[in-house]
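What follows is a structure written as structure tokens; I'll ask about it next.
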Amino acid sequence: MAVILDARGLEKRFGAVTAASNINVSVEQGAIVGLIGSNGAGKTTFLNMVTGYLRPDAGSILFDGRDITGQKPRRITQQGICRSFQIPQLYNSMSVAENLMVGVGIVASGGRGWAASNALDGTPEQAVSRMLEQFGLAGLRHRQAGLLPEGTRKLLDIAMAMVVRPRVLLLDEPTSGVSADEKFALMDMVMAAVRAMQVTVLFVEHDMEVVERYVQRILAFYEGRIIADGPPAEVLRDVEVRRFVIGEQDPPAGDRHA
Amino acid sequence: MSVHRTSVALVAAAGALLALGPVIPNWAVSLVNVSLGIGVVVLGMMVLMRTGLVSFGHGLYYCLGAYAAGLASNRFGAPDMLAMVAGGALAALLVSAVLGLLLAKYREIFFAMLSLAFSMILYGLLVKSADLGSTDGFNVHAKSIAGFAVEGDAHRLGVYSVIVITAALCALLLDAYLRSHRGRLAEAIRDNELRVEYMGASVFATVHLNYVISAVLAGVGGALMAIHIGHIDPEMTYWPQSGEFVFIGILSGTGSVFAPLLGSVVFETVRSYAYEKSPDTWQMVLGVTMLMVIVFLPGGLWSLASRLRGRPDSARTGG
Amino acid sequence: MIKAMKPSRLAAAATAIVLALGAPVLMAQQKTSIKVGFVTFLSGPAAGPFGVPARQAAEAIVESLNAGKAPAPYQIKGIGGLPLELVVIDEAGGATKQVSEYRTLVQRQEVDFVIGYIGSGDCLAIAPVAEELKKLTVFFDCGTPRIFEEASYKYVFRTRPHATMDAVAATLYLLDNRPAVKRIAGINQNYAYGQDSWNDFEATIKVLKPEVEIVTSQMPKFGAGQYGAEISALAGANPDVIHSSLWGGDLEAFMLQAQPRDLFKKNILVLVAGEPYLHRLPGKIPDGTVVGARGVNAVFAADSPLKRWLTDLYKAKAGIEPNYPAYSVANAFLGVKAAWEKAAAKKVGSAIPMGANKNVKEEMEKAYAPPTQEEVIAMFEKLSFDTPSGKVQMSLGKGHQAVTGTAYGTTRFENGVVKVGNIKYYPAERVNPPEGVSSLDWIKSGFRATAK
Amino acid sequence: MSQIPAVLADAVVYASWLFVIAVGLTLIYGVMKILNIAHGSLYALGAYSAVTLAGGWLAKGYAPLGSYAMLALAALLVGLIAGPVIERGLLRFLYAKDEIVLVLVTYALFLILEDAIKLTWGVDPMFVAEPYALLGNFEIAGLTYPTYTLVLVAAAIVVGLALWWALGFTRSGKMLLAVIHDREMSAAMGVNVGLTYFVTFTIGAFLAALGGALTAPTISVVTGMGAEVIVTAFAVVVIGGLGSLGGAALGAVIVGLVRSAAVHYQPELELFSIYLVMAAVLIARPKGLFSGAEVRKI
């Protein structure tokens, strides 16, 4: 299968801390990849470099063969890579439907820079309704986003990433802050939507059950390096991984801001 | 859908006002003129507030618009109301397009303060320019509308009609813009800039555009006031004037383009009665009114309207 | 007996009698009082020195006129026998607001005429509106010559001379007494009045004594309060003369800061508008300071029944001697009163001699009805009338702008009070431009220019 | 004769004055995130009270030196009365409001106080000049300066140092800083935010009043003096960086220098020199000279 995302020799340091050293990842179209590792291992740094929030000190990122290294998040989104956030980034004063309509509107009023693949089919209203259906938010379309429970906020946050029709979706700890009994329902919902739209997914996750259940491939991060890369069964058996990653699970990071 | 309702209501209101023009007393005409002139400026504040910005220096464009109109009529031989309004809009457009490049990067109090600095610099420049009358400013007399000379009562009604129609037009256009995809970004930016960028839109471009729009509205408002008052002076860009715009903006709420127009009518009425009934304590009256609104009507007067209509209150203040 | 009398003499006599006693009764069914809009600063920096003294003067004058206590020729009660009532409005808020307030005053309050405005910007803005609303409006204090030099009005009058006179007279006085001055400095507020006042002074002295040198012109912002640096700059420039049109809190702050710093040791201070502060700053105003009162007001006014009248009623109200704003207010009220009553008298005078027509009552009522606004204005134009500060002639601006003489004097601190000595008077025509010539042209022409 | 010594001397004096009127503003903003327009009115209140007390003192013929105590007393009274009244009576109910709305609240307060002052003291300018001249003069570069200006400079330095010490080296000061850095966190850590706000605002009010009281002997206090001062104070704190003590000091010095230079070399520019500086600084450093860049966690 065709490689859609290809990161070569990514480096990132914050002063003394090495957040990423010689990261090499290539992801096939349609793959579902899990990124694991303790906090500060470099998973989110990797996500941030791919989506343009951080500019790598060295290395390059190719998306569908085009070099997107160091481009602005806006440009990268327009080309078809979108992300969700560990802390949901919503438009709190708007209704659920409006939150999605903003994205749809941006695509619809489009303009240069937007990849053909983002093009909506149907009217903006239809696009929004479809997304609400897919994420089971239809019943909440008029609720104010700021007042939703955390699980639903997560769901909406991911839906907002999907609504601009990316080809690659990066999820940052989709189940953090979601109660144990909600998390699978949430992930099922997301994965169903993702498959329906044939989107390639990379997601950062601490919860090994979730990882094992949904991914075909795992990247294990430790101190800014990738220490293992392969099918779940393999990676999760790896000695280093067991010691450095699974050995010490962190509590989900608490919400520090909204 | 609110699309048609707002527009229709606007046209209807404008029509009604135009019809009333000849029959209502002179002072009421003047009240409408002032309120709508200021109201147009506050429409501009509303665009900013929706974007989450508040300017303590919008007097800059109000004053610029007025002076452009004044110079158009007194120096460049175009004492035509439409030309004056166009001049006001143009001046504001040019200056804001440039300053916007800078200000669009600023937020919150820093945006407010940099705007303030610019408006006070203009104040300084005008005070220094003796041939523009320094702090005394100068008188302006619009002689015609689209080439048709008007005098006496025709002039009075002409000014009134031009102001009513311009204000309605501004409100209509603004309403259409705010309902467009681009317009809706304003509130998105106020709520979460990061997300807007990650949805593929440029926060900077949108803020810049909204800033220019609000400036042009302020410029038009200034020109209208120059036409109605017949006199302009640097006071128009002094900070209390800008503060007043912010106040009326908060008083009105940002729920609908009607809010600023109605809000400024209310404000003008309160202010004028305060001057008349308690000449020694009118500031106190205004201050207390302001506190009342902030405490009891956080969403501004418009939230009252929407509450009465039993709808979720979508009005919110800046920031 | 009556037959022998000439109609005009008869009328005159009748007027006097009836206006003094009977008129109000006769007019009871038509008009019972005159409503006067009075606009002055009640807040902000100008309220203390000008605004509130003006208001107190206005209230006291109205009480006194209504009681018929004014000396001749103003002994008739109120105006033309009708009592006056005041509607007071704060002038603060800028010209834009003032125009709205003026409309309210005229159209909602329906005042009979308006007296007011200290700010020149406000006067400029109000004048055309007064014209539009056709309402007699009298500016009592604002100074800018622009009002009647840039336009001409039918309904607008100003009963005080404009500010050019102050600068011209100040220069004349200075050169008369200290012909040797060479180095000139100035400190004036950075707004229209301050700038004009300095420019007129500079222009005048350059004409009269071209070799003078301007060593520095300080322009602190209005209400600055802190003048440390300005005082150093002035001292550093060591001038012979320091010209200042500062007033109110700014003047007092400047004096309080400058005097301990010996700024005035080596030079003469000229305070164009210094008079009101003499009694406020005893010991702070250096001896030999040249002060004016923007007209023959206050200390400069010659003793007269009218001056005593104003002084007494103002003292009773405010507890202090009236300063020049109070005199300006008196000019305005007395001007309108004089014009109004002259118009009334004219009507009676021109009435057909009684008895010539059978319906005497109707004749009387027509003759004694209060004059229309137009009739009053017709009399007001080019009017010359007596005030506590002497004769006022409405001779500029097509008869709408007053001119008077003015005076300057030199201060002397004597047992706790500041006295003004060596007073010189300058007749109106010497310090005011002739009709039709702009002040600055007149000065630049060496006071020779005449209307072409 | 070179003007430079004079320029510097005037700059120092003006800067001290600016610092005293601005420091309370920046303190209140730093802790409470309120840009307090009413600071101008508190300044005026301080000045009026000072004139009343010191004037009364001297009128009674007591020892002239005592008038300085009266100035301090006036500042204290205003700070301890107006401060708490405003904070407890009004502001504390509105902390949830948006920053800009709070600015408007203080603007409303400003309007109300302006008229309140007018109703209490009338509109006649008032002054009590004795304390200004009492201490005699000294000379710099042939220019005479009243020794009182040194009092102003000293006051500025003392206030500055006192706050610096209080914030940096006392427990309550550290709490204050904690609140400045993170309201929620410090609340969670058991810092009594409500009390902190109360104290801060009272101190801020006191500093405003102190500025007014110390200025009173050098000026004639008039209605509207607060309005003239407040925008200048804004400029100073914005230049320095809102909420930064050092910033206020630096801002005051810069503005002092620029204005003094303008007056001596280019009087024409005096009027807007301060706003030119403000704009220039904000353009170069959007959040003022002293301001930590905050990183956003996503």
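Which chain is which? They are A, B, C and D, in the order written, and residues in each are numbered from 1.
Just so it is clear, a residue touches a chain if its C-beta (ideal position, glycine included) is under 8 Å from a C-beta of that chain, and two chains touch if they have at least 3 such contacts.
Predicted model only: the values in this text are computed from it and were never measured.
Undergrad: Note down the smallest number of touching-chain steps it takes to go from subunit B to subunit C.
TA: Steps on the shortest route: 1.
Undergrad: B-D or A-B: which has the larger count of contacting C-beta pairs?
TA: Of B-D and A-B, it is B-D that has more C-beta pairs in contact.
Undergrad: Farthest chain from subunit B, comparing Cα centres?
TA: A
Undergrad: State, to the nearest whole Å, the distance from the C-alpha centre of subunit A to the C-alpha centre of subunit D.
TA: Result: the chain centres lie 50 Å from each other.
Undergrad: Can you give the whole-Å distance between the Cα centres of subunit B and subunit D?
TA: Spacing between the chain centres: roughly 33 Å.
Undergrad: Go ahead and note the Å separation of the Cα centroids belonging to subunit A and subunit B.
TA: Distance between chain centres, rounded to whole Å: 43 Å.
Undergrad: Could you give the separation in Å between the centres of subunit C and subunit D, each centre being the mean of its C-alpha atoms?
TA: Here subunit C and subunit D have centroids separated by 40 Å.
Undergrad: Please list all residues of subunit D that touch 2 or more other chains.
TA: Where subunit D meets two or more other chains at a single residue, that happens at 114-115, 118, 268, 271, 298.
Undergrad: In subunit A, which residues are in touch with two or more of the other chains?
TA: Touching at least two other chains: 89.
Undergrad: For subunit B, which residues are shared contacts with two or more other chains?
TA: Residues 127-128, 194, 280, 282-283 of subunit B touch two or more partner chains.
Undergrad: Where on subunit D is subunit B touching in the complex?
TA: Interface residues on subunit D, with respect to subunit B: 35, 90, 93-94, 97-101, 103-105, 107-112, 114-116, 118-119, 227, 231, 234-235, 238, 242, 268, 271-272, 275-276, 278-279, 282-283, 286-288, 296, 298.
Undergrad: Please name which positions on subunit D make contact with subunit C in the complex.
TA: 1, 3, 6-7, 9-11, 13-14, 17, 114-115, 118, 122-125, 127, 129, 132-133, 137, 143-146, 149, 215, 217-225, 228-229, 259-260, 263-264, 267-268, 270-271
Undergrad: Name, in rising order, each residue of subunit C that touches subunit D in their complex.
TA: 42-45, 47-49, 51-52, 190, 216-221, 223-226, 228-230, 232-233, 235-236, 248-249, 252-253, 256-257, 259-262, 280, 284
Undergrad: Spell out the part of subunit B that touches subunit C in their complex, as residue ranges.
TA: Answer in residue numbers: 25-27, 30-31, 34, 127-128, 130, 133-139, 141, 156, 225, 229-231, 233, 235-236, 238, 241, 268, 271-272, 275-276, 279-280, 282-283.
Undergrad: Contact residues on subunit B for subunit D in the complex?
TA: It comes out as residues 54, 56, 102, 105-106, 108-110, 112-114, 116-118, 120-121, 123-125, 127-128, 194, 239-240, 243, 246-247, 250, 280-284, 286-288, 290-291, 294-295, 298, 317-319.
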